[in-house]
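Structure first, then comments.
By written order: A, B and C. Residues from 1 in each chain.
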Amino acid sequence: MEEILKINNLSKKFNDIVVLDNLSLSVKKGEVVVIVGPSGCGKSTFLRCINGLEDIDEGEVLLDGEKVSRNKKNLSKTRERIGMVFQSYDLFPHKNILQNITLAPIKVKKRKKADAEEEALKLLDRVGLLSKKDSYPRQLSGGQKQRVAIIRALIMHPEVLLLDEITAALDPEMVREVLDVVLSLAKEGRTMLIVTHEMAFARAVADRLIFLEGGKIVEEGSPAEFFDNPKTERLKSFLQTFSYE
Amino acid sequence: MGFEVLLKGNNFIRLLGGLGVALYISLISVAISIVFGIILGALMSLKNPVINAFSRVYLEIVRIMPQMVLLFIVYFGATKVLGINLSAEVSAVIVFSFWGIAEMSDLVRGALSGIDRIQYESSMALGMNTMQTYIHVIIPQIIRRLIPLSINLITRMIKTTSLVMMIGIVEVLKVGQQIIEANRKSSPNAAFGVFATIFLLYFLACYPISVLSKYLEKKWEN
Amino acid sequence: MNFEIIKEYMPLYIKAFMLTIRIGWMGIALSFVIGVISAFIMHFKIPIASKAVKVYIEIFRNTPLLVQLFFVYFGLPKIGIRISAEACGVIGLGLLGGSYMAESIRSGLGAVKVSQTEGALALGMTKGQLFRSVILPQAFTLSVPAVIANVIFLLKETSVFSAISLMDLMFTAKDLIGLYYNTTECLFMLVFFYIIMLLPVSVIGSIIEKKTGFKMFGE
């Protein structure tokens, strides 16, 4: 399979503290890569660097073989191709659900309103939220908001989707409904880079897992290798914090 | 009870005219306050140390000085110190704008800093450029926060304009006093009726605006 | 600026200052009492009384103090209710302030989290104990910044007392300017005394505002 996203020797510092240390990663088309690691290991920063929300100090990000430019104008072009969903509900509070979803396709992609709305309604239907199209974000539960946020990213037809701990701020009973949506996206072959703390979900959704600690990739492997036969002590002890034995 | 005096001649019309003067002064002052308050508020959120120091002193002066004192300073002081003869109306507009700009700028600064960083980031993550982010996401949210507060500022401005009679502007209270004086013999109790009416007139001018402000605030809260 | 004049006027200003302070703080004390009672009536949704309180609040929040004072001082005597200028100032400020204090204290009461109530009940407290030792202290703490903002607002409002011929700071300044035209000195002293009266309250307010992160500019 062809390679869609390639990160070469990426380094990032915050005031002399090294957050990402010479990281390299390549993601194939249709691949789902899940990144796990302790808090503060740089997982979120890594995703934010990929779509240019954070500057990088060294290294490069290649999308489809092209170097992602850090120049403002090109950056918005890149971001159209890389979708991102955040941990906190980031819907626009002054717009209803349908407007939240269609704002970017209409304004950024210059699509026709009717056309964007038609697709938005289809996507809403798919995640079971068609009845909420005229509601405002404050009227939705956390899980519903996150499903809308995913659709809002999907409608831009991104080549890669970045999900940054999208269930971390949710009540436990809402986690499932959001993760189910992500699982169905994985099944249809979307390329995704996912940061999560939900280990069962990580195992179910991932083609490949990466354990990040101290800004470095400590271990990576298939779900089976990663969970059942971890090689490094670091990963073993990390995985142990999630079990009750 | 002294209400009958208002039915005599054009007394009631004169009273309304007096209220009109007060409303006129407050509307001009509100307009000036909103325009310059937005500019100053935007400047304040740049976090420039010079602008910050200036605005802190300015806001503190406005916070602790009664508008009446400011009115006296401008009306009596300007003539004395600067040698310019300001009319009472112009003095009033200067003072109320001075006060209103401070209030408005603080509201604008608050509204700007109240917008979550994630709103900027998620807009950019959708491929919007800075301009699009501001036009479609940030500014509409700021406007929704500011409109109820600015409307509220209007009622406070209207109430404060009652002070201008103290520097001799013939507004509603002054007209009331004149009516009471002129009818001292025929309606000795005019003071009750006239001041009760003025009380009611102010209430009728301010209450609907307060209700509107509260309604919009409720409607747009996130 | 002529310091001889300032020295000469000083006793007059001090007298006016004391009067302003006295009426101001008495009015504020009254407003606090009215505010607390009104807030409780609204918080516990006492029938009829809470409607009456709401009407009272709307009336006094939507009319200027000057108009309220004119009505009470010049209007009411015509129907047989005669009140001294000083009492009028205290009552006027108290009623105006009460309408602001009521809202501030009520929102403090409303802001105490339900979990606090539940936590206390789970500990076996009675409703009375709960209210006295859990809700009230927290509600008052939550109200403090807004109450201080009201105090500043009310102290500033005292400047209209001169309109009902109370010899306060404004009255003294206006009188002296009218008599001797020493405008600069008179205005300087006016500002000086208002700063003495308000700056300490404002500084204390700012410290509390920083500590609690509460916005208190304006009313």
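We adopt the following convention: a contact is a pair of C-beta atoms (placed from the backbone, for glycine too) under 8 Å apart; a residue touches a chain by one contact, two chains touch by 3 or more.
These numbers were taken from a predicted model, which means no experiment stands behind them.
Placing every chain at the mean of its C-alpha atoms, the farthest one from subunit B is found to be A.
The chain closest to the protein's centre is B, with centres computed as averages of CA atoms. Here the spacing of subunit A and subunit B, counted between their Cα centres, is 48 Å. Subunit C has its Cα centroid 20 Å from the Cα centroid of subunit B. Averaging C-alpha coordinates per chain places the centre of subunit A 54 Å away from that of subunit C. Only residues 51, 53, 72-73, 75-77, 79-80, 83-84, 86, 88, 90, 92-94, 103-104, 107-109, 137-138, 149, 152-153, 156 of subunit A touch subunit B when the two sit together in their complex.
By the touch criterion given at the top, residues 58-59, 61-64, 66-68, 70-71, 74-79, 152, 156-160, 162-163, 170, 173-174, 177, 183-184, 187, 190-191, 194-195, 198-199, 202, 215, 217-219 of subunit C touch subunit B in their complex. Within the complex, the subunit B residues that touch subunit A are 116, 118-119, 121-130, 132, 136-137, 140-141, 144, 220-222.
On subunit B, the positions that touch subunit C within their shared complex are 1-2, 59-60, 63-69, 72-73, 76-77, 79-81, 103, 106, 110, 155-156, 159-160, 162-163, 165-166, 173, 176, 180, 188-196, 198-199, 202-203, 206-207, 210.
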